[in-house]
Amino acid sequence: MPKFTTSIEEALTPIGDGCLLVVPREVSGVPMEATRALIRRGVKRLHLLALPTSSLQADLLIGARCVETLETSAVSLGEFGPAPRFSAAITAGTIKMKDATCPALHAALQAAEKGVPFMPLRGLIGSDVLKYRPDWKVVDNPLGENDPIVLLPAIKPDVALIHAPLADRAGNVWIGRQRELVTMAHAAARTIVTVENVQDANLLDDPVRAAGTLPGFYVETIAVAERGAWPLGLPDVYSLDAAHLAEYARMAATEDGFNDYLKHYVHDRRAA
Amino acid sequence: MPKFTTSIEEALTPIGDGCLLVVPREVSGVPMEATRALIRRGVKRLHLLALPTSSLQADLLIGARCVETLETSAVSLGEFGPAPRFSAAITAGTIKMKDATCPALHAALQAAEKGVPFMPLRGLIGSDVLKYRPDWKVVDNPLGENDPIVLLPAIKPDVALIHAPLADRAGNVWIGRQRELVTMAHAAARTIVTVENVQDANLLDDPVRAAGTLPGFYVETIAVAERGAWPLGLPDVYSLDAAHLAEYARMAATEDGFNDYLKHYVHDRRAA
Amino acid sequence: MTAAPPDVRDEELLADVIARLIGDSRHVAVGNASPIPATAALLAREQGNGSPYVSLLGSRAHTFWTDGGRELFDCAGQGRIDVFFLSGGQIDGQGNINLVSIGDYAHPKVRFPGSFGSAYLYYVVPKVILFRTEHSRRTLVPKVDFISAPGGNDPNVFRNGGPIALVTNRCLFSFDRAKRRFRLQSVHPGHTVDEVIEHTAFDFDRPDNVPETQLPSPDTLELMRERVAPQLAEVYPAFAAKVFGIRKSA
Amino acid sequence: MTAAPPDVRDEELLADVIARLIGDSRHVAVGNASPIPATAALLAREQGNGSPYVSLLGSRAHTFWTDGGRELFDCAGQGRIDVFFLSGGQIDGQGNINLVSIGDYAHPKVRFPGSFGSAYLYYVVPKVILFRTEHSRRTLVPKVDFISAPGGNDPNVFRNGGPIALVTNRCLFSFDRAKRRFRLQSVHPGHTVDEVIEHTAFDFDRPDNVPETQLPSPDTLELMRERVAPQLAEVYPAFAAKVFGIRKSA
């Protein structure tokens, strides 16, 4: 059922302006080449849901003015410091921020995965994270007594966008231990995948490979993007480009520097 | 952290009389050798939770009078016909039956896995399955309006008992696609595993194997049981023993025949 | 049931009826030990040039599950299963099905295996096709002794699925969800309306003139025998041999 | 902080303090970029002959996760994580931590990365150790501007975890959950109670005589340098070189 596209741009067609787009955390395989393609296309007003955190991907999309609403638990460049465009956008009030906490985002996607309207979660009560989330509701546990608990509405993304090491010709995608990628695909209406390689042998025919495989049944489009997570790493395949990320942190510290980065590494790079 | 025991009997020590024991469906690897060992030991008053259905395992334990309460969605020998000891016990009223439906049992264990007191589930309303489950509660969806929905209390088994193809010396267990075995282990206080083989190489060191591995962190005891699912099959390893299951169905049709089966295949077999 | 034209087997007729009920769907899931619905689903896929996607739950080769036993139900909850098949030890005129027991639930006379996933799937799969070859007053009752899953609910209950039809060895009923009643759509060749009435213990609607169930077209029969049967043999070898293999060697 | 005895490094002192707080636990999880807590956890494991089990979330080699990003939180919800470490851009006298922003939340002056899992883990991990080396009136405030996670809750709120202590570069505070107040337990060598009071913007309890933080024993130092440092080097090479490598080559 998945459609293999010759260009990443074509694979990204389902991501329109205003799309509720869910993307994974840095260690789970971030589709950076696809992210640059979205910026080149000039996608607008994204509701970006980073499960449960983000780094360069969110910072780039925010700096490029592709994001209207950001929903996540944290954005940071890790050892390379704070995420400069994220911080600037928040202090300037140019994006709508929906602060969350990691397990709440996992649970809200699992609710959509299971076709239920909400999931309960412990914790949260008494925090300002809850205070600023009118969509999260405290109820008295109907199976308990004087036991307040938070209910999180299910989140059904329009599109899940992921990058993985390997797919087969049937569109099955090997995601290994990154099980949240499976939950994202189950929860989202459509799933777009970029992969490093495509193999002929069906991943589901090998019980060992099958255990870490997202069935093509859930996948809408697939495109090949070699080193598609660069400059971030892809677990078990390649590690991040520390020099480049340090350069990004340096350039993105100012808006002008960020725009130079965009021109050089997102726009011109494509033209070249 | 897991303890490798030289005998299956020793591995089963945590399963005491009255234990809330969760076991998997036939296609996920049923620990039949361990089940026979429990019958030989004469375990009593089990609350047996079969996720979400069972076949020979439940019928044997019921016939051997090890079960006080059975909670599952169905018990059948499949192509070999109805489960005779299950049917006899129900019509004779000698066990307490908690009829369920498959997704409700999966959800109730996921609630325990996530440390929440309940999970919501669609369906069920208007069914007698719900009518006879006072522990399941219908509430008006607090995030909706005039939208009744069922809440299922979390189920935290005392012990999860599973059989898998392979473990490593660190006690990591390869379960492949049988993800409900992971949920069972997360939900249960303790997990007991029998395996076909033990390998030296750590399963978590291989990203491909790791994707289908239950970490030893969750495992209490492990024992080797070659062909430990016999006469049932083990997915991707060996198939069921049709001749034997047909013989079981024939013998277990009467209580005397069942007792002959127990003597021959459960008690004497061990002595031999 | 022996009176279908000599060149069309009963199983072929039933599979053709079910394939037409499947119609234009994205994903058909077929439970264990259901060779005729499996034949129908594979036939629909052949007729649709690869659509619908077919999952045969009995077989590992014909399913894609990699997320454990919950995936089927999560998939249905996501709205990704359009057609499913259910049966019942008893089925009543309101579309209620009983997979649990006969008599008082606390002290049943007969115990069936259990409700399986019916108490959920009946609500969330848009097209549930009830299939019970034994068409008798024992199976088609006025009121089931135990409701594993109801044929309908009050309007405020979340439900985007339910029964659309009941296929037996004698006839095809459609199900009217608003009225919660079955309607006799057609009687299979060699059977009569009076016979259906005699062997059905619940009330049902019917037109003044009940048509005879349409026979599979020659094209359909060829598809079934040449393209579907070989695929079926992988999961249901005995059935494929009995129904199709013999004819092939003829 | 430079006044610990010349043969004991500040990092060693802090790791020893934290290791004693870990005490007898089954499972210690350490977040990313936390070399000193990681040193303490590995030290506790050496002292406990393999117990507690240590997960270093930064590293793939030192974690067992195979169920995706939710597993850490599910594991904590199951009661299978006994000790965790949290910090904050601000920490106040009631044990509230702020990982979000300074100033009005709607128009902050400074934005931090975000709350991560703190708004959940702070409630369900029995022993949460707050660790913030910078001990100043900027970080230890009377009231945080944003509560990522509160130090305590009303008694009816489900909570089986929370802060047990706050470790800084100047001292060790314990946390009294009933009073929701910190208590000065000891001051590190080379620091004074007056200095702690001067640099702490929240009120805290203290005994009349505040003891000096106990130095790591020679055995502990040897364990840290000979057994822990090599394991640490795998995850925190720069730290291991700076803190332990140099000394080794000395």
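As written, the chains take the letters A, B, C and D, and residue 1 is the first residue of each chain.
We adopt the following convention: a contact is a pair of C-beta atoms (placed from the backbone, for glycine too) under 8 Å apart; a residue touches a chain by one contact, two chains touch by 3 or more.
All of these numbers come straight from a predicted model, not from anything done at the bench.
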**Item:** Chain pair repeating A-D, as identified from A-C, B-D or B-C when over half of the contact pairs by residue number coincide
**Value:** B-C
**Item:** Pair with more cross-chain C-beta pairs in contact, given B-C and B-D
**Value:** B-C
**Request:** With chain centres taken as the means of their Cα atoms, state the distance from subunit B to subunit C in Å.
**Result:** 30
**Message:** Using mean CA coordinates as chain centres, what's the gap between subunit A and subunit B in Å?
**Reply:** 36
**Request:** Just give me the whole-number Å value for how far the CA centre of subunit A lies from that of subunit C.
**Result:** 41
**Message:** Can you list every residue of subunit D that touches 2 or more other chains, as numbers and ranges?
**Reply:** 65-67, 70, 73-74, 77, 124
**Item:** Two or more partner chains touched - positions in subunit A
**Value:** 107, 110, 114-116, 121-122, 147, 149, 177, 182, 210-212, 235
**Request:** Spell out the part of subunit B that touches subunit A in their complex, as residue ranges.
**Result:** 107, 110, 114-122, 137, 139, 141-144, 147, 149, 151, 153, 175-177, 207-212, 235-236
**Asked** Mind pulling up the subunit A residues that touch subunit D in the complex?
**Response** 24-25, 28, 51-53, 72-76, 78-79, 82-83, 86-87, 90-91, 93, 99-104, 106-107, 110, 121-132, 146-149, 177-183, 235
**Asked** In the complex of these two chains, what residues of subunit C are touching subunit A?
**Response** 27, 53, 64-67, 70, 73-80, 124
**Residue ranges of subunit D touching subunit A (in the complex, touch as defined)** = 32-33, 60, 65-71, 73-74, 77, 99-101, 105-124, 146-150, 152-154, 156-158
**Prompt:** What residues on subunit B touch subunit D, complex-wise?
**Reply:** 1, 112-116, 172, 182, 186-187, 204, 210-218
